[in-house]
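Written below as structure tokens is the structure these notes are about.
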Amino acid sequence: MQAEDSSRIQWRTAVADPHTGDDVVIRGYSLLDLIDHVDFVSGIYLVLTGELPTEPRRRMLDTMLVSIVDHGISPSSAVARMISASGVPLQASVAGGLLTFGDIHGGAGEEFARFLSETVAEVEAGPTTPEGWTATAERIVTGHRAAKRRIPGYGHPQHPNGDPRAPRLVGTAARLGVAGPHVALALALEAAIERSGSRRIPMNIDGALGSIMLDIGLDWRHARAVCMIARTCGLAAHAVEETVRERGWRGIPFDTVDYDGPAPRPLPGRYVTAAGGAA
Amino acid sequence: MQAEDSSRIQWRTAVADPHTGDDVVIRGYSLLDLIDHVDFVSGIYLVLTGELPTEPRRRMLDTMLVSIVDHGISPSSAVARMISASGVPLQASVAGGLLTFGDIHGGAGEEFARFLSETVAEVEAGPTTPEGWTATAERIVTGHRAAKRRIPGYGHPQHPNGDPRAPRLVGTAARLGVAGPHVALALALEAAIERSGSRRIPMNIDGALGSIMLDIGLDWRHARAVCMIARTCGLAAHAVEETVRERGWRGIPFDTVDYDGPAPRPLPGRYVTAAGGAA
Amino acid sequence: MQAEDSSRIQWRTAVADPHTGDDVVIRGYSLLDLIDHVDFVSGIYLVLTGELPTEPRRRMLDTMLVSIVDHGISPSSAVARMISASGVPLQASVAGGLLTFGDIHGGAGEEFARFLSETVAEVEAGPTTPEGWTATAERIVTGHRAAKRRIPGYGHPQHPNGDPRAPRLVGTAARLGVAGPHVALALALEAAIERSGSRRIPMNIDGALGSIMLDIGLDWRHARAVCMIARTCGLAAHAVEETVRERGWRGIPFDTVDYDGPAPRPLPGRYVTAAGGAA
Amino acid sequence: MQAEDSSRIQWRTAVADPHTGDDVVIRGYSLLDLIDHVDFVSGIYLVLTGELPTEPRRRMLDTMLVSIVDHGISPSSAVARMISASGVPLQASVAGGLLTFGDIHGGAGEEFARFLSETVAEVEAGPTTPEGWTATAERIVTGHRAAKRRIPGYGHPQHPNGDPRAPRLVGTAARLGVAGPHVALALALEAAIERSGSRRIPMNIDGALGSIMLDIGLDWRHARAVCMIARTCGLAAHAVEETVRERGWRGIPFDTVDYDGPAPRPLPGRYVTAAGGAA
């Protein structure tokens, strides 16, 4: 709905309009129609991109979301559980867990997706054959090695032989026919990294998710969003489990802590007055 | 995986185990199998409840999630956008927006679901005919009116004639054959409220979601979780849109603020020393 | 400043007015005057209560804030450090840590302060001698024991002989002459609890802070605020220390986790189609 | 306390040790001693830097904290109030408000402080006369203009003639004798910016706080922390005021919103099956 007095407007949005009589408009569609006819994963795609997905893109997004729905006790779920144990409502636990999706954990995919997105946008002016991606990847790997910078999206501390979810997702992308230039570049980078060094550093889940997301039409800014949508589920399950199974307040075991600050020392003389009162 | 030295254990969980060679176990299932064969909505149900859903329950949960995927500019999205406008990473904006899912906004469903869950658990010892639910509902409405307490799950400030999403969801529950005692009680309460007062106060989205969730096997503690899983999508879309379309820092228009505290006044004499320095 | 078109007003506040030419008004006082003449602790008291404190009240609040400025590795600082380790800006780490100030940790003082505040308000209609407080305390302890409810503010899991900070703060309150009816009742409760059971359960830091706060003129709703103001300092120190000293991403040691969910199991037959594709 | 089995250690800290019998050690000092003899502002300095401050540094930090204790309805307090209005505990409102201390709002001081800190560290190898700072400032301003980059710490959208708090703080720093190389460089930059352009762009509060903090011995990583410690007070006051004075749930006035997404449109044909059910 168009506001009548434009001087009052503080918010502009193309996502949804709840002020449409007895319905809500989501990206132009009736929410009541969506309720009756459209599935949640398509709804996610619609809300993020503005359009409904093709069926192969919908299936790909569905598969990606499944792949990150939970990962057991990790920094994010540990935080959610510690907050939950302190007696707060569920949303605070989940919000706290999501705060860990920083540049290292959930945010690495964003960094990689942005990098892929910008590189592909540059390259696609010319012809892009498999050989073309190989050449581009060689150039990038050489440049990063010279600058001693790490390429995000490859390697996993817990899975030296590779996170098995990554090839599974790339395989699904190929089978569904949605793999495009970003997956091609991501695979070319994996090969170039292996050739450039003494060992294979396989694409990790961030690399797989980041490249496939771009090929199904999401923006690099949505990489972190997709991780958060999926993991909100896992974080909520952990927070509720903590409430139901544990006894509340979760102390830190004292023998897991090493205090290595100054040894006990007296206050400087100026603080200790004859009267003994606070300064 | 069972930890070997039980004195080291700080965390217990039945949700997932990421330490299983080249796979992750989610509620007993291989994550690689889930990636290949199971959809995201079933994954949500599995992570929350511990078991995979029947097809009607899966479709019902899918429809519920669609119904709350976004609601335009609301308190939660306004908060997410204001945080986003201040130059922070996406997860902080989404986390801030989720914090609004308090007892009034997203949490009302939890309160209603808990109330329904406890009432049904009590009642189900005996026979539960439609007349039985009507009698139970009459008793509850009378009790609440006597105590001047509001029954959550009914009425909506923006939709006096009823939030149209509610009957749509209840209708889907009936069509899919998943409506059970909790929906029966919720409908009986709606009727009893109408009979007890001068006007109809229709079930709202919290009432519909809360009762249906219980009938498809979720716990009342998951009511807020389902809202958060769906809305994380909308909050992320708003936070990204704010970044892409707006110019950053979002000030509060000065003429929307009314300061009604003490009028300007001088400091008490004891603070203003001859020397003029801080006390 | 009074807004001119009242229909535009969305915000009302008596805390501060930043729209006053080249100054900001804080509770009626010029911020420039406060900068020149008033200390931070008085500023905290002013912002929370609306008035500047007397000198004894200022010193008491100062001492209370010192007493909770940090507590080493605790749930709140552990959360702040885990979030910090995931590569996020400082404010997200501190915000996450503050989320743990729930009903169990930082919020217990609020519960106790509210309880004291309401009890004293009730009682003060009549005469309140030391014997009066003893009688009131006996009645409360008996009532709580009958209802099997715990009185907040007493006992500490880590300090069975009593948190030493509590008597120190109560002693300071007596010395500064600010102890009033709320401290009197809190001490009477400590004595009544000891008489009613087999052992002494000393007042803890929440009990001391909660009762003294009320006697220096703060509202029970500010109990949690005082804890948060002090601890924001400690949380920031921990978050920065994590960034400077540790190596980033903080994994959960796998042998501290016990997965006790379902053992590995195959997917139900309906998910595994001949074609092997996702359902 | 030194942990006995080093393989169990997960946390290392030099901030505080709560496991010292009936006391807590803060940076080597007894917390009970601090309670009796040391003020809160000195405690903040101690926790952040590891040492107690000199008296002039303490007074300077005190004054800086006062200057930012509240700023009325701003993005941070608006967020805290919107979260508070949705029925959540105080810590969630304050945490949400703090999340806005991003690179634009509270974080600008960090950026400036880091920049000053690195520049001064570089320069101080040689002689640093007033003329030296002028030359350094000229070089920086010229470099930033060439690169079309903005120098943080100067200019304020609401105060074109300069935020009056900034010169007040710089004046206090001079009077207390704590102004050093960082303030000198910050003032030289202000002068160089004025000479390089057509008008004066005065140092803002971030510039004043950032430069003075460094001169009193804080790290640039603490710039955001100092803002947060002070403003936690203001945010708590706003969150409590919202709870006490307003009526709960704070809707977004519909005429302040402009939906400019796609006009209402029917679902694509593939979603609307003959049976009308969800796909």
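Order of writing sets the chain letters: A, B, C and D. Residues in each chain are counted from 1.
One rule holds in what follows: a residue touches a chain if its C-beta (ideal position, glycine included) is under 8 Å from a C-beta of that chain, and two chains touch if they have at least 3 such contacts.
Here the structure is a predicted model, which means the values were calculated and not measured.
Judged by contacting C-beta pairs, the busier of the interfaces C-D and B-D is C-D. One copy, chain A, sits rotated relative to the other, chain C; on C-alpha atoms the angle is 180 degrees to the nearest 5.
Taken over every residue number at the interface, the positions common to chain A and chain B amount to over half, indicating a same-residue contact. With centres set at the average Cα position, the gap from chain B to chain D is 33 Å. Between the Cα centres of chain C and chain D there is a gap of 22 Å. For chain D, the set of residues that touch two or more other chains comprises 8, 10-17, 19, 34, 36, 38-39, 62-63, 72-74, 78, 88-89, 91-92, 95-96, 99-103, 107, 158, 172, 252-253, 256-257, 259, 277-278. Within the complex, the chain D residues that touch chain C are 10-19, 22-24, 26, 31-32, 34-36, 38-41, 43-44, 47-48, 62-63, 65-67, 69-74, 77-78, 81, 89-92, 94-96, 98-103, 106-107, 110, 158-159, 161, 164-165, 168-169, 172, 219, 221-222, 224-225, 228-230, 232-234, 236-238, 240-241, 243-246, 253, 256. Within the complex formed with chain D, the chain B residues making contact are 8, 59, 62-63, 72-76, 78-79, 82-83, 85-88, 92-93, 95-96, 99-105, 107, 157-158, 172, 175, 248-252, 257, 259, 277-278.
Those residues of chain C that touch chain B in the complex are listed here as 1-6, 8-17, 19-20, 25, 27-30, 33-34, 36-39, 42, 50, 52, 88-89, 91-92, 95, 252-268, 271-273, 276-279.
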